[in-house]
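Here come two complexes built around chain A, the first alongside chain B, the second alongside chain C.
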Partner chain A sequence: MQDSRFIRRVTDKALVSFTLDGETVVAQAGDTVAAALVAHNASPLRHTGLSGAPRTPYCMMGVCFECLVEINGRPNVQSCLIEVQDGMQVRRMHGFRKIEVRHG
Partner chain B sequence: MQNTRADTTIIGGGVVGLSIALGLLRAGEKIHVLDGADHDPRASLGNFGLTWLQGKGASYAPYTRRTWQAITAWPDFAATLQDLSGIDVAHHATGGYEFFTDPDELDGMAADLAAQSNTLGPGFSYEVLDNAALKQALPGIGDTVIGATYTPHDGHVNPLRLLSALRKALQNGNGRISNGWVVQDIRRNGDDGFTLTNAKGDVHQTGRVVLCAGLGAAALGERLGFRATVRPQRGELLITEKLETRLPFLSSTLRQVDEGGIQIGGTKSDGGLDDREAIEKMRFLARHAVAVWPALKDVNVVRSWGALRVMTEDGYPVYARAPDGSEAYLVTCHSGVTLAPLHATLLADWINQTSAAPDLEAFSDARF
Partner chain C sequence: MAAAATAARGGAQVVLLDEQPRPGGQIYRNITRNKTELTYLGGDYAKGMELATALDHPNISCRYGSTVWRIDDGPRVTFDQNGKSSSITAPHVLIATGAQERPTPFPGWTLPGVMPAGAAQILMKTSDLVPRNAVLAGTGPLLYLIASQMIDADNPPLAIVETQTTAMLLKSARHFPRAMLDRHAIFKGVAMLRKIRRAKVRRYVGASAFHAVSDKGRLSFHFKTQGKSHSVACDLVLTHQGVVPSTNLQRAAGLPMEWNPAQACWQPQKDDEGKTPVQGLWVAGDGAGVHGADAARAEGVIVANAILCRLHGLRPEIAPHVNAHALNHRFRARAIRPFLDAAYAPSPEIFSPPDGTVVCRCEEVTAGQVRQAISSGADGLRQVKAETRAGMGPCQGRMCGLTLTHLLSEQTGIPPDEIPALRARSPVKPVTLGALAELEIEE
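On to the complex of A and B.
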């Protein structure tokens, strides 16, 4: 796994922990999920549905939709707009989202 | 200021104008398309992309027949466009549903389909499904949908790729398209063609002119002696994020684009040339989609827009030659996508008055 390209500013903020695909990640309180993920390491957050190309957060302000992840079971969430919470379950996305059709 | 000249000039570079231009080009004409401004209302950039027969012309047999003819010609037309442009317009005749929550509306559509069947004969088939039959055909349908109608003839295309394919096919055949050429005035040159001018002072001479300017036809049509009474009707559309899961049906209000997003549409409102989408209409569309297919309930909508349909008084097309007998033609219709295969073939025969010219009297401009 490639190390993060970012160096964290040292602050006295509290630490929170969440999981990325089941692996524990430590972040600072107040981080957006996208910021916490790019600070964690340099791996792509998702692969596109059209070409399978790897993607990582880009604009960090809700415009580019490159930072989509699944958060607590909800797919295609813009992780740059969500503040990380202790115990959050984040998953990378591969391809377009699926929908579950209930029969009956 | 520029001076240009052409044998045949099409005013309007939307799906209707380009389809007719392609037909004339393939019949050997030299053609020049004058397309308007970027900010013009462009139904060709905002439409839903259906190739639809169900319910159309139930009380006007000539329209049902021409629509049926177009639907039948679509597969070959899509293949021709692919050959001429290299672009796949993603035509799929999947069959289409109309879903109902109101029993009277379902009965009304069933009566319309019976009328269509009566006009079209045994080649046409349809089904009326009650709630139980529909649940069997489409498990996952919403509980508030009490029934549906279905025909195997309906389908859809990618409408933006259709527009690109038509443009490309035309350009590959040495047809000329001028963008941003807003015709301000048309004058008849005695017995010898027409002079067109725009606000920049450009002058264009043409032997023949075909007016396919959508909502712009009203003002220009008058100069050629047409009534050309067209009015805008706004429709709102939503499109969702792309999904891997395929929607197992096509309906007139819900369709999954070949690229994966689900397009939701079907609102109708009269607000003049204002094409801005209204929030209450968008809310209605979102609720409708979830009522029909509850699995869509938390799918994200990523874009929405409003666009203006081009409506004649009775909703049927107008195919008309200028009342003074000059070489000016008016073509306007709501269903430019569905009818494109006819516009690209029959209308060339009609304009050129070949032996294969169709009888289009039922669609005259004088019927209003």
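On to the complex of A and C.
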């Protein structure tokens, strides 16, 4: 299933758009990033590092750390605590962080 | 919020550090944007507007999006805002962390589509997102409130599956006369149940053996009542087994904790005015012991007045006189709690999930692995953590600590109040090394 598990009631609130892994997503002004992602569709936000199990945002209040994403280049942000801004760049994070070896 | 406004009106300079982007906590979340727009959320939610408006005072500096990650002697409070950390010292620090959903491990609780009922309610409040094809599962009046809100938003739940039994309800009846001191809450509860019945939402009580299965994202929720198996196809399973104080910051600040046997959780030690044994640290609201929003509001006033008495050099004995009205308010607001605690006690199943069930979501540690660690000699939560990594992930035990306590108690026979809670350490929320490096520490 792809459709959101939630129904967005029709309001006259302003819309903003951000990107998720480069794809444009429209959100309502005032949404947290996690809420905007949950409203967008039902697909997993991340896969766990150990078993690769799919996870979606859980507590929506900053407790569980299931909704971690990269926002504007900053990794491991709790997306339920950040309000979405026009033009924000959001990236999903999969598995454990890779150690980058930089030469030179 | 009540404490900040009271202290500011009493002449104190107040800095309010709130992790959320806007005022309201979780109960009145997003109230300043919604105002009275979302009528389906009900009249009690609208009460938050008055609290939030009172924060608009020249003596209050509100810093939203600020995550407190350390409290030192002094007291000195260190917090992160937009990836930058700073410290403030103040003679009095009030820690009001509020409550979180009690972790509810059962097979399938980590699947996409299973989430706390409170989380779904937050989505209604922040984003006008109403759950679709949802089952409400667990116990507690919050399930009725959310069901009523969903009915008023034209999306009633498919079913309400409750774990409390009729026997529990009968046994709790002895607390009922006291609960009648808060008639508003009782009448509200009766009205919600009537609304649920009229909407023909199916209710099951005495349910057990929760189990969720996912097939390409669609969920089926399985449970038993009186030996009979049931299953409901749905998109969301919204769970609830009551709320518990959020204590990570308090524990990391060195506050001594006490076990609340009726609510099966830890809460900080404090006196009647919210003063803790640690110099300069105070606690109030559900983070200090769960009694609900109305009691928390009264308690905010009580603690703020006690602090004001000290700031103004008045004798502490004067505070109860100043607080007469708020103490009375808190007494009435707390009256219903013994009834609710007994009638809607958490299901024993979540304290003892089957071996294959993940209990630590971050590190994906199962109940079986925890039991294995205990049977090979772990006799405290620290050993369980070292052996299994449970509690070592980014949430720092917020989602598994209580479950680990119950598993350890079950396996060893040690009562939960004799098992020290997981040690919480600063930073209580992850901060970057960069933020640490840039932190200016004033001596």
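Just so it is clear, the second predicted complex is superposed on the first by the 96 of 104 C-alpha atoms of A that agree within 3 Å, B and C clash if a C-alpha of one lies under 4 Å from a C-alpha of the other, contacts with A are read in each partner's own complex, and residues count from 1 in each chain.
Simple rule for what comes next: contacts are C-beta pairs under 8 Å (C-beta built on N, C-alpha and C of every residue); 3 or more make two chains touch, one makes a residue touch a chain.
On a predicted model such as this, the values are computed, not experimentally measured, just so you know.
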First (chain B), second (chain C), both or neither touched by A:74
both
Touching A:90, do we find chain B (first), chain C (second), both, or neither?
neither
Between chain B and chain C, which one contacts more residues of chain A in the superposed model?
C
Chain B versus chain C as contact partner of A:32, first or second or both or neither:
second
So, A:11: does it touch chain B (first), chain C (second), both, or neither?
second
Note: overlapping chain A surface for chain B and chain C spans 50, 65, 74, 76
Could you please specify the touching residues of chain A with respect to chain C in the complex?
1-2, 4-9, 11, 13, 28, 30-32, 35-36, 38-39, 42-44, 48, 50-51, 53-66, 68, 74, 76, 81-83
Mind pulling up the chain A residues that touch chain B in the complex?
49-50, 65, 74, 76, 95-104
Parts of chain C lying in touch with chain A, wherever the complex brings them together
19-21, 26, 30, 33, 37, 65, 67, 83, 100-101, 110-113, 115-116, 118-120, 122-123, 126-134, 153, 155, 216-218, 235-236, 246, 361-364, 393-395, 398-399, 430
Across the complex, what residues on chain B touch chain A?
139-140, 241-245, 259-260, 293-296, 298-300, 302
